[in-house]
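Here chain A shows up in two complexes: once beside chain B, once beside chain C.
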Partner chain A sequence: MTDTPALSHANIRPGRIITWTLLFIGGLIMISPLLFMFSTSLKTADQVYDLRLIPAAPTLANYISVLADGRFMRWFLNSMFVAVTVTISNCFFDSLVGYTLAKFEFRGRYFIFIAILSTLMIPTEMLVIPWYLMSSQLGWLDSYWGIMFPGMMTAFGTFLMKQFFETVPNDFIEAARVDGLNEFQIWWKVAMPLVTPALSALAIFTFLGNWTAFFWPLIVTTSKELYTLPVGLSSFAVEQSIQWEMIMTGAAIATLPTLIVFLVLQRYIVRGVMLAGLKG
Partner chain B sequence: MGTDNLQGAASGRPGGTAATMPADRFSMRTRRLLWVWGFLAIPILFYAIIRFYPTFQAFYLSMTNWDLVRPAKFVGFANYIKLFKDPQFWKVFRNTFTYLIIGTPLSLVIAFTVAFFLDRVRFMHNFIRALYFLPYLTTAAAMAWVWRWFYQPPPIGVINDVLAIVGIPQQPFIRSTDQALFSVMVTAIWAGLGFQVIIFMAGLRAIPTTFYEAARIDGLGEWAILRKITLPLLKPTTVFLVVFSSIAFLRIFDQVYNMTTNDPGGPLGSTKPLVLMIYQTAFGSYAMGYAAAQTVVLFTILLIVSLLQLWILREKK
Partner chain C sequence: MATIELTKLIKRYGKVEAVKGIDLSIADGEFVVFVGPSGCGKSTTLRMIAGLEEISDGTLKIGDEVVNEREPKQRNIAMVFQNYAIYPHMTVRQNIGFGLYTSKLDKAEKNRRIEDAGRILGLEALLDRRPAALSGGQRQRVAIGRAMVRDPSAFLFDEPLSNLDAQLRSQMRIEIKRLHQRLKTTTVYVTHDQVEAMTMADRIVVMKDGHILQVGTPTELYESPVDVFTARFIGSPSMNLLPGRKNDATVSVASGGDILIGVRPHDLIVRATASDDKTALSLTGTVTAVEPLGPETLVHLDIDGTAVIATARDKFVPAVDTTLTCTAAPGNLYIFDAQTEKLLSRS
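Our next item is the complex of A and B:
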């Protein structure tokens, strides 16, 4: 980040050090649950009551025993598969529909746009009972497809992509037509590369939303082999009851992937959140 | 802008495709329409089957006594009448709105304060921003267990241990009917704060610096600038966040479910929000029709909140 925008009113206050310190302390409070979670996951059962953040004798034993159990590995892979598949589907279909609505003139365009947008008004909670009925009739209960199907396309993603495809100059598309590319190739090879910031924002949001999703996976899965990580963790924690170091290890395994992704892509993620928040 | 570009492109290419070949024009338009509907075919099917049909079905089911076993029988508004006479519903309704009415302003005030000062901080800006933003990326179901551990009585619970050091007596937190809802609310505020800070900062950055310069020339103090320039210009951002956060609080589930698993929504239903009641009615007692009526009530509340946002923003323009 450059220091241009806020500089003019930044130098006035003499208490800048106090401001910084207070913000820093607030930030420490914000991440303290994460710090305690990781710290406890590295402690043995008899050290859990020890409040020190840096464990006296850090050990990976909890991780080894949780992962050796096999279920966590399975839930982790389930969640990864579901989140990646749904993300790819959204990036493909939301962009395709967004592009079509932004760049083609045809009868019914406005109607379709409004119809898709209107689904934003309908909360998931209202749809789960019909989805459950549909899944039980079609044999989708307790399957990967059952977990994934409700989110394969979203109105939010379509709207976001449409907004960005509208900024793609028409002469790029016309030029590609003259060059003999078909409409699908124009979308895929010419338009898509021009909206990568929006596409990455959509990918980040979709992945995060599906990685952390709890309500629908809890309803649609019944066998433990098909649990996603949040649902599996919840059942695991209930069964561990007071073995907090094991529960913290499970929570840490669920949290680590998104934190690692954030540390690698911090800039893109923050920009993506701003982008989606302001356009959406 | 788009048309300018088009004209430029056309004049730059004499004998371009569309203008000079009227015979080919019709088939080209037809071909393009085929592409359009080809692109839209699967999405239209998806939205019809997975979004629209279930929406209407939810309304229909809310007027039946369907229980998964026997076929659904139409009962009119009986489910709604039963719901509005159910004291448990009104308790849940009050809980849900307590989350909303206290949680939303509290989190927005904290988020704005953090964003306002963080916007001025240059030293380690990205690092501090990350501290506030990281909780937003966590899994609510996982972090609910961390908070649940925090809230345990001593010597296990971290918060009670810290309170003991300061000399404050032990608190029951999620074990008390008075404190449980607020304990859960803190977890939800914590999880959503990072998003609000980022959006507020984006809003603050969007205010042109010339506004501040002009105000300073006019001799306005910091407080007056905040009240007369920053806050009014930030209104669209604030309205968006109020609605976003209100909807999140109205739909709160993950935290409540995981922090109170031995008695979901407890103790004594004191933390139970509407979505948890829906979940228990539908997938605990399999009263699908009754649960569908509850989802329609939730939908109506969410609709009113969204329409309120549109109305407030229209007022402004």
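Our next item is the complex of A and C:
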């Protein structure tokens, strides 16, 4: 029989202490803007520059004014519509293309995959001008379609789904083929349910990315009714004197859907990130 | 039910011919087993019958119809895969019913067929479970159920038992055989396990390097193999082969001879006491290992550098390192040409 050594302070190595301290400081740095955002949203205008984390006289008045302002709800719904539509579109088209690249043998398959993948190397800032020209020529400026079209299908999503579909055994697909299903039915009824984790991860990434998107919606929209939430919130800062407490309140409300999405589906996010890394 | 006819069937992958022009007629209701080592073309042939591989050349007929250009679904065949291919996101009932997904039968008839398949395969109590909650044998039964409900012209099995343990495999062998006797549907079964082939087949097709070497009943193949490959592939343990020479009516072991003498381990007998029985071959060697199997013992002998397996009966278990003589009775020797490896005669 062997004795298990008792845990003691002597067993805690100095390296561990340094690691934990660094992680704690890093965590604090990352969470502090969020804490100040919530704190400011509970302050009155004259308390904004009082940098105490816990307000002297917390109030929900800002929340009431923001929610009572019709523009905020409009921007919130615009963002929701854009993010949900783009997410559904991504899940559909990225999966379809990913499945085709993973499971069908055809001439040029590898070339198409590389071409799709290579677009990942182009920064969004470089694509904005071509997108704008395209929108302008097609009459999509200042429209929902104009906001959404660049993200309706992404190279990242296609890559992620392709890697997942490659793990689906061919026997499943061939069995369905023998059972008489056509290729679209096989994709929908057999392959898609087998890649639910990847699909969830893709949905989460796409939703979060579009919910917080600022640059492209700012450029493509001019009507305030079409603003998404990030663009609308920024307009609080430029159109009047800067109302930080209102901006922070709006931002705090805007954070809620992303927090809910993260808390409900965080295991899929972690799994999706892990697998996207491993399969790459 | 249907006949299946393969005429000069060829499968090419680029310049490589995986199946090299095979001819075979499978009768209505027959249970045919394709057997051979990995890469011999047996699974490719099955997949061509299923429509999962394009036929490069030759003709495939199911019933009276040439089906070369037909999609799998148009061939009315059902296939059971090595990895079961049952869907983890569906219950047993949904998996079995999936075979009828595109069928135009009404819901009541579909349910009746699912229930019937469940009853025949002993899955009634498991119909609402998911595959993750089933054992390997139960999963394979679900896969068979999915094939059964379609009432196909032919069943195709691609090494369906190779993922099961030995005990379950032997149990499932009997179940599949019983199912065939009950349904009498034409069945093509692929395996690399000669025991499966021997115990299940009406006829066995032995394949090697894309060719059919021999077609026959299990007894025909065991008793009259056409060449060394079939002789050694069929029967367990494999047939012993020794170089030899033919002297008029008798044969003798001799290195560099022009024949190969084949004798099955069960016909090469080691006795505890001397016998006056007439022998066609007598070999003396050192015991290197013994495998007691209960009623008999397999005795591994070293005969002048050649490893030979013999059988000791009547619970006689020889000691390792002893020198023993084993004998084969007349009629139990297979004489092969040393060059062509074809069977010349029995002796």
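Structure notes:
In the analysis below, the second predicted complex is superposed on the first by the 232 of 280 C-alpha atoms of A that agree within 3 Å, B and C clash if a C-alpha of one lies under 4 Å from a C-alpha of the other, contacts with A are read in each partner's own complex, and residues count from 1 in each chain.
Note that a residue touches a chain if its C-beta (ideal position, glycine included) is under 8 Å from a C-beta of that chain, and two chains touch if they have at least 3 such contacts.
What you are looking at is a predicted structure, and each value in this text was computed from that prediction instead of being measured.
Touch criterion not met for A:W75: it reaches neither chain B nor chain C.
Of the two partner chains placed by superposition, only chain B is touched by A:M153; chain C is not. In the superposed pair of complexes, A:M126 makes contact with chain B only, with no contact to chain C.
Look at A:V178: by the touch rule set out above, it reaches both chain B and chain C. Of the two partner chains placed around the shared chain by superposition, chain B and chain C are both touched by A:P169. Residue contacts after overlaying the shared chain place A:I112 against chain B, while chain C stays out of touching range. By the touch criterion stated above, A:T255 is placed in contact with chain B alone, chain C being left untouched.
By the touch criterion defined above, A:P193 reaches chain C but does not reach chain B.
After overlaying the two complexes on the shared chain, residue contacts for A:V97 are found with chain B alone; chain C is out of touch.
In the superposition on chain A, chain A positions 169, 171, 174-175, 177-178 are in contact with chain B in one complex as well as with chain C in the other. On the chain B side of its complex with chain A, the touching residues are 1-2, 5-6, 8-9, 13, 16-17, 32-33, 35-36, 39-40, 42-44, 46-47, 50-55, 57-58, 61, 114, 117-123, 125-126, 128-135, 137-143, 145-147, 149-150, 155-156, 158, 161, 190, 193-195, 198-199, 201-202, 204-205, 209, 212-213, 216, 222, 225, 240, 251, 253-254, 257-258, 261-262, 275, 278-279, 282-283, 288, 291-292, 295-296, 298-299, 302-303, 306. For chain C in complex with chain A, the residues that touch the partner chain are 50-52, 72-73, 77-79, 81-85, 87-89, 98-99, 101-103, 146, 150. Every residue of chain A that touches chain C in the complex is listed here, in rising order: 169, 171-172, 174-181, 185, 189-190, 193-194, 196. Those residues of chain A lying in contact with chain B across their complex are 1, 3, 5-6, 8-10, 12-13, 16, 19-20, 22-24, 26-28, 30-31, 33-34, 36-37, 40, 48-49, 51, 93, 96-97, 99-100, 104, 106, 112, 115-116, 119, 121-123, 125-134, 149-150, 152-153, 158, 169-171, 174-175, 177-178, 182-184, 187, 208, 211-212, 214-215, 218-219, 229-231, 233-234, 237-238, 242, 244, 247-248, 250-251, 254-255, 258-259, 261-262, 266, 269-270, 273-274, 277-278.
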